[in-house]
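Labels run A, B and C following the written order; every chain starts at residue 1.
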Amino acid sequence: MSARENILARIRSANKVAKNPDVIGGTAVDRIKAHPSSPLPTLDWENENHFKLRCHELASSLDQIDSLDHLPKAVNRYLNENDLPKKIVCWPEFADLNWSDENLQMEGRSAVGEDKVGLTGSYCAIAETGTLVMLSGEDQHATTSLLPETHIAVVSRSRILRTMEEAWELIRNETESVPRQVNFISGPSRTADIEMTLVYGAHGPYRVHVIITE
Amino acid sequence: MEITSQQFKAVSSSKLKDAKLQKALKQAKGGFVVSRAKVVKELDNFEEIRQAASDVRDHCLAHLDSYLEEWERRAQEAGTVVHWAESYEELNSIVVQIAQDNQVKKIIKSKSMVGEETGLNQYVEGHGIEVKETDLGEYIIQQAGEHPSHIIAPATHKSKDDVSELFAEKHKRPRLDDAEKLTHEAREILRPHFLDADMGITGANFMIAETGSTVIVTNEGNGRMTTTMPRVHVAISSIEKCLPTLDDFALMMRLLPRSATGQVISNYVSMTTGPKRAGDKDGPEKFHVIILDVGRTRVLGSELRDALRCIRCGACMNHCPVYQNVGGHAYGWVYPGPIGSVLTPAYNGIENAIDLPNAATMCNQCGVVCPVKIPLPDLMRKLREKQFEKKLKSNMEHWSLRLWAYLALRPKIYSIVTRVMARIGRILGGDSRRIRRMIIVGQDWTKNRDMPAPSGRTFRDIYLNKMNKR
Amino acid sequence: MRVGLFVTCLADVMRPSIGLATLELLKREGCEVIFPEGQTCCGQPAYNSGDRHTAQEFARKVISEFADVDYVVIPSGSCGGMVKTHYEELLNDSPEYRARAQWLAARTYELTDFLVNVLNVDSFDTTFQGSITYHDSCAGLRELGIKKQPRKLLDRLNHVEVKEMSGPEQCCGFGGAFSVKYGDISSRIVDLKCDDIEATEADAVVLGDLGCMMNIEGKLRRRGNHKTKVLHIAEVLTGLVGNETE
């Protein structure tokens, strides 16, 4: 018999032997179909404010704009404040904004090792944890939020959700099947592997800047 | 990984004298315990959520065969190649086979405890393939030629000075004295490897049946790199890591980072479902998942079953008074601390780790912090029962207990013996009323402590004497 | 009310003042105290060493000895935890004894829990005065939820000041046989506990378990500290202390 058959057979026989009651009940197929939610945090918060608070705790910086037309100005302001290069790699959806007015060089493609600043959108955001949710896709390159030292992410105010459960529900409703990768990004890359000292920019971005738009 | 748990006692005593290690352990304890307490307090229904997580894990284990089949079916639909392995050798050889089939010369690896169990790196390197660990802690350990001492902070036993020295030697660069600079030097060294490696290996914190996905939870971003940059991605996991649904996963994520590092959320939670899709500009062309069963099904059918609920957060070790003082290496295998004291004998045979289930004060600090409510002291006690049944207890322990039980089950003789003992003890205590050196039983007590002497008469005698006088 | 006193084997031999103080506390409140003379040990040493069969013998013995009381009071969280939280599981292969174990567990109380939640004692006549720091012994704390009870009692004493130590819930490293089998580790753990105790500069460290008391006292004295008293809470509440009861 194959390893697969052996393992499954051993699981079945072990589960017959063990006297552990299944406290939740139901079959595997039932639970997957119903995907019931477990207890959620009971604390009350206003999503946008809580999201901002969490971003702050995670060392993500924040800005907000009224419409995407103002994005070039906001991006330029952030780059100037932090003394960052004006050459940016972005998701194609942002490539056609008026970047030249701000003297920004914008390239809509997947990122490579040399790129210093990456601009992405986000599928939604989670207030509970200050998290950006990114789905991989043809024009939503995973590398853009990963390789550059600075990651600027645009979040739509109406898509700031309460919990990860709500994000999953949105994905279930809006996509045919889950994309190759769903990335939950919460602040800049970090490590504390040397003497518990917190250091930003372990392998991913040193900086995450979140711009909330209408 | 080779098991050295039988040397626990000797190794732990030497670890107690290792000043550098003691400093590092103290630092880690402060960080983990304090941060966890803070973020747990903030979640007002933490206990309710913890119970729910424990229930979900139990449910999943009770239907593990179905969930694994559901998971596999959906994973295959998404283009994932699924392998099953019944031995460490089998898992390792599947990895090498995949590497050879794809002309892989260099592998980048994101931390995996299953990989530590199977001794994957050594095996793969033995076949002429380069493997680079990329988690900073794992990278440090790999450079130093050591094993991790903690499941989420593998290099926690190393001081900054150790790392400075190691990096200067291995990187052939000037010595750096600052954690930030050291971290960024490792980033600089590893970045080219991320960009040109042929294959990435990751573990999987969870496998989600609803979508056929694997998930990794990291802070550094190396996990995202490893699952995105190389043309082949292999995830290695074990059967018990299955979870039913995305909602169940969200529930676990409320507990895992809080319990592990005291974070509300880890920086990167990445769920992968199959290889690169048509039109995707990035992501691997091939995605393999290898699911391991070594020891798991045996534990599933045993009294130790609850241990399979473990989500590998490390809270039990962070809060364990024994681990806090001896560190992870003393435990002699992949998993240290209380969960290691259960899994090591469970997976490797109880005769190969006699000390581990006994080297615990049964304080149950581990049990109360465990996010999935594993009754760790009870499981250690079950292992002690197994040792007793198999006559693996030392003669000393066996006979002193027999003698004590013989007496204590015979109250008349017991009252006389204890009366005599109380008198002798009082005399031995002298004016200071403490015994400074005991022999045979208790010699290890008085090596570094006094034994307060008994006060001379038993309660029984005093009480009965009073009653008779009335 | 008929209250069975389970004095514990350790207090019986090593420190009878704990039993005498407990007896005194119960009598002052008008309890009819029953002391089954044949009592020895709750069986925990056998239970924790994996000798389930012997542990069962002890459990049956204790259950039989305390079959005829309204309550059982134990001046130890560890032995109390054994009776209250482990006997039932230990005897689960006999329906009769399992039921009797449940019966016993329901009426067994750790001393401070009994004083606060059953007797509701609000004042104590004690000669003890001074500052104290309270150590939460593991079994009492995590098996029986003993945390507020001793502090409530101490608050009711007029001449006692409680100074909380850092990490009062951290294990002292006793662990029964652990303290002897892994003496080096046990000794290091209690060393750190002593640091926390001494940092409070309290006159006494007070707790509810004799095993932990012996561990802490043994370590303090070996460290050269002859000043900090190590007392059981029953001793503090009555002023009947240690060797003075001979």
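In this text, a contact is a pair of C-beta atoms (placed from the backbone, for glycine too) under 8 Å apart; a residue touches a chain by one contact, two chains touch by 3 or more.
Quick caveat: nothing in here was measured; it's all calculated off a predicted structure.
Averaging Cα coordinates per chain and for the whole protein, the chain whose average falls nearest the overall one is B.
Across every pairing of chains, the maximum count of C-beta contacts belongs to A-B.
Distance from the chain A centre to the chain B centre is 29 Å, each centre being the mean of its Cα atoms. Centre-to-centre, using mean CA coordinates, chain B is 32 Å away from chain C. Note: centroid distance chain A to chain C, computed from Cα atoms, is 52 Å. Multi-chain contact residues, meaning those touching two or more other chains, do not occur anywhere in chain C. Residues 9, 12-13, 16, 321-322, 325-326, 358-365, 367-368, 381, 383-389, 393, 397, 401, 404-405, 407-409, 411, 414, 418, 421-422, 425, 432-434, 436, 441-452, 454-460, 462-464 of chain B are the ones touching chain C in the complex.
The residues of chain B lying in touch with chain A in their complex are 24, 27-28, 30-31, 43-45, 48-49, 52-53, 55-56, 58-59, 61-70, 78, 83-86, 90, 134-137, 140, 153-156, 158-160, 163, 179-180, 182-184, 187, 190-192, 194-195, 209-211, 213, 219-222, 224-225, 227-229, 239, 244-251, 253-254, 261, 264-277, 279-283, 291, 293, 297-298, 300-302, 305-306.
Taken in their complex, chain C has these residues touching chain B: 7, 9, 11-20, 23, 35, 37-41, 45-52, 54, 57-58, 61, 138-139, 142-143, 169-171, 173-192, 213-215, 217-219, 221-222, 230, 242-243, 245-246.
Residues 2-4, 6-8, 10-15, 17-18, 20, 22-29, 31-32, 35-39, 41-43, 54, 57-58, 109-110, 113, 128-131, 136-138, 141-143, 146, 163-165, 168, 171-172, 177-197, 199, 201-205 of chain A are the ones touching chain B in the complex.
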